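Per-chain residue numbering starts at 1, and chain names A, B, C and D are given in the order in which the chains are listed.
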Amino acid sequence: MTHDDVVEWMARFAAEMTENRAYLSRLDGDIGDGDHGTNMDRGMKKVMEKLDGAGGDDIGATLKTVGMALVSSVGGAAGPLYGTFFMQMGQASAGRSELDLAGLVDAVDAGITGVQKRGKAEPGDKTMVDALLPALEALRQAAEEGADTADGLARAAAAGREGMEATIPLVARKGRASYLGERSAGHQDPGATSSHL
Amino acid sequence: MTHDDVVEWMARFAAEMTENRAYLSRLDGDIGDGDHGTNMDRGMKKVMEKLDGAGGDDIGATLKTVGMALVSSVGGAAGPLYGTFFMQMGQASAGRSELDLAGLVDAVDAGITGVQKRGKAEPGDKTMVDALLPALEALRQAAEEGADTADGLARAAAAGREGMEATIPLVARKGRASYLGERSAGHQDPGATSSHL
Amino acid sequence: MKKLINSPDTVLRDELEGIAAAHGDRVRVSYEPAYIVRNDAPVQGKVGIVSGGGSGHEPMHGGYVGMGMLDAACPGEVFTSPTPDQMLEATKAVNGGAGVLHIVKNYTGDVMNFEMAAELAVGEDIEVAAVVTDDDVAVQDSLYTAGRRGVGVTVLAEKICGAAAEERRSLQEVADLCRRVNAEGRSMGMALTPCTTPAAGEPNFTLADDEMEIGIGIHGEPGRERVKVESAARVVERLAGTIVDDLPFAEGDEVLAFVNGMGGTPLMELYIVYNELHKYLEGRGIRIARNLVGSYITSLEMAGCSITLLRLDAELTRLWDAPVDTIALRWGGP
Amino acid sequence: MKKLINSPDTVLRDELEGIAAAHGDRVRVSYEPAYIVRNDAPVQGKVGIVSGGGSGHEPMHGGYVGMGMLDAACPGEVFTSPTPDQMLEATKAVNGGAGVLHIVKNYTGDVMNFEMAAELAVGEDIEVAAVVTDDDVAVQDSLYTAGRRGVGVTVLAEKICGAAAEERRSLQEVADLCRRVNAEGRSMGMALTPCTTPAAGEPNFTLADDEMEIGIGIHGEPGRERVKVESAARVVERLAGTIVDDLPFAEGDEVLAFVNGMGGTPLMELYIVYNELHKYLEGRGIRIARNLVGSYITSLEMAGCSITLLRLDAELTRLWDAPVDTIALRWGGP
């Protein structure tokens, strides 16, 4: 994975957020306060501003920029969480101009660890963590099996989707949705959804 | 017309107001602020409280009591106007225990004069005056023709109704309805309606 | 109808009891007849100021009873002017020997009831002066109407005259001042939604989801025109434009700008409106020297706003700045 | 959606410009990052107090910036908590050398963003203490939730801690006081109607014409139960009953009773609710020593109310009574 791949990945993520803005907010409306899509879209637009013409080939530096842009523009719960995720990923890939699957695994691992430290969410709490962790596991699997990056990412995405869908029956224990208690079950978690995308 | 007749007249009027409370407020809602029925009903209930067991046979005193009760309970534009109407009627029939048609004419005349002094409304301004004046004229007619009281009152009521209906096409020049200007035309004036009842 | 009430027949009584319970340290409440009077009334040697009108416009007028503003307020039933006995008793309660000023909003009912009260008070040898406010430019002032409605300027007049009365000015002077404030001020309002009186139980008018009423009255009286919902900037142009051209306010004028919420309007929107008003007046060379932003003369839960502009001079500005200590308006040291 | 705005994307900016234009005599407004700070900040030797949260709850928090209350407020987008850079800059702007207190309402987003800000501030050698308010009894407090939401008590804590800071108490003391206020206070709210954020454009939930939501959150978070509309007396029983039993408040307690409007509630109804609350507490032997009635922590145009009770002692009462001079809360001599 090269620096350009990372930037392109961000561009795709940003596009996804714009496209699914209303959808994510609706999901958040069901069990939260209906702003997740708006928040993420605002944030990723800010990210693209910052990246646009930033250049360089330090993946770590770029991911840190992404994280900081998110922290200072998203707000809500998702801002610090996504921000931390990318900042920690950047930390773990500082100075690297290319990442193989193993390197990617380490970076994502660091990112998720950061998210969990910040948000104290365990698997099964019906949060973005439930989409991120399976994706990480799939990535690690792929790396051990020596799969190539493209294949690894594909498997991670698939696992993330499963994790996301698996949040539907869960009862939220973190975030705004937890106020609903049992009533949060049966709804797909918006944060998990945005993570998968 | 004896003192008992007057009390009975008030009782009928009170009953009419309760019955037509919603209707009058709706008429007022169309060109005013929708409280005429509520106001008049509240006022006439107060009147009946005051009259109940008041006794005596001084028509003037009783009509003054009626007027004062209305003034202190109706509020809005109708309160001072109806209050003045009955207080002036009472003034003009002070000490009388019975009124023939001629006496009634003088009393009503005094009442209307009071209403016009207070409200400065001319015939055709789309107010209660447009119901009261024709009624007075019919009453005077009847008196001159030596008709009996019952007949006179019937003719007055009929004339009042015509006056009331005649307010429909008029453009209001007094009261809240006047803010509507032309738009007040085509609506029956609530005050005129309550006067007729 | 969704309201936090017990019954349509008891709203006024329940509200007055709540005010008495909450603000007994500032005001006394009389129920029969209904009026709210400042605790230290009558203030000897001071002109007493009494206002009143239908309820449903809170904090006006009860919220303005206190040092530096009103001596008493007479609340009528919702949207129905109070009765003369209320104003008579309130007038007696605040008469400190210097006479009493009645500040009356121009509605046929209010004017006639206050008139009767004044006649009765004079009968009891109390000197009374009445000033009628009629600042709503949405109404054509002509021989063919009851005249312009009294709205936002009433609040400003109560504050400014209250300050003058505290300075022990004479009844004549305070009344003249009140006329001057009314003459120098203009207002206009708009509504995004109607409101529902407890007695009626249904909205007093209807607006489509994309419509607003320009020139609305505080009792939901229909306005000048009904148009599609527009931006805050455009709404301000409509209201302020009509107001400025009416007096007219001229380049170089200093004004007090009052952006008022109708009761159901978020404060956030009032500041957005104020921002647009500020830019609009700047563009016309009119300087905002003082301002008031909030829901001070309301129409139950109606959503919308009104704008009031008052041309200031040194004296009006000084009296506006003078200390006031009421339930709803408070500033300056005691 | 009917709102007096220019565009959903500019509401925050437009509002802040309006606040700056209207209240430049009291506060300064920074736009990038967004925060409102009192004119005389930093006050040397005084603990600085910073709060913040999503917008749409006005006058909270910006309306409470000033002498005797907050030094700065950080407004996020509507119903979205602000970002760390806002709190960091605000913290720097109010740091008078005695440290800075962050008063944070307990919502995951607010807590995490303030946490990050505190970490950054410490990195710049500013002593920061954070207290999280969580007084909403409608939420079950358990390991399985994000904990109770911070609501009405936040306003009271900001006032009381502000007074303590003016007395030059230490950061430790002011933070402990804030925890005590939070521990002694409880709140619960209800809604008659939902509200609509400009970004969403449609109501955040739906209620039938005869329904109300008991235990609503200030962002429209669903409450405990949905029931048919009831009398004000019954609503007060539900809210106050739950509150009193939760702390629990006991016979003989003296309390500050705060009846808050959600934004679209007429003042008339708030006084009716206060009257019922007064009677209810009397019946349980609890005495209201102080009160606050009005729309102080709102949810855009939502109709409804919340009740907050704070158990008072001599110190809390004295600090509540201490002078405060902000846009929205003002009393006592300067």
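Note that contacts are C-beta pairs under 8 Å (C-beta built on N, C-alpha and C of every residue); 3 or more make two chains touch, one makes a residue touch a chain.
Note that the coordinates shown come from a computational prediction; the quantities given were computed from them, not determined experimentally.
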**OP:** Note down the smallest number of touching-chain steps it takes to go from subunit B to subunit C.
**Re:** 1
Subject >> Rounded Å distance, subunit B centre to subunit D centre (Cα mean) >> reply: 55
Original post:
What is the distance, in whole Å, between the centres of subunit C and subunit D, each centre taken as the mean of its C-alpha atoms?
Top reply: 29
Original post:
In whole angstrom, how far does the Cα centroid of subunit A sit from the Cα centroid of subunit B?
Top reply: 77
Original post:
What is the distance, in whole Å, between the centres of subunit A and subunit D, each centre taken as the mean of its C-alpha atoms?
Top reply: 32
Subject >> Residues within subunit D bordering two or more other chains >> reply: 78
Original post:
Which pairs of chains touch each other?
Top reply: A-D, B-C, C-D
Subject >> Complex contacts: residues of subunit D adjacent to subunit C >> reply: 2-7, 11, 14-15, 17-19, 21-22, 55-56, 58-59, 63, 78, 192-193, 209, 212, 229, 231-233, 235, 263-276, 278, 288, 291, 293, 295, 298, 300-301, 303-305, 330-331, 333-334
Subject >> Touching residues on subunit B, where the partner in the complex is subunit C >> reply: 25, 29, 32-35, 38-39, 42, 71-81, 83, 118-119, 171, 173-176, 178-181, 183
Original post:
Inside the complex, what are the residues of subunit D that reach subunit A?
Top reply: 33, 54, 76-85, 107-109, 112-113, 115-116, 139-140, 143-146, 149, 197, 199-200, 204, 217, 219-222
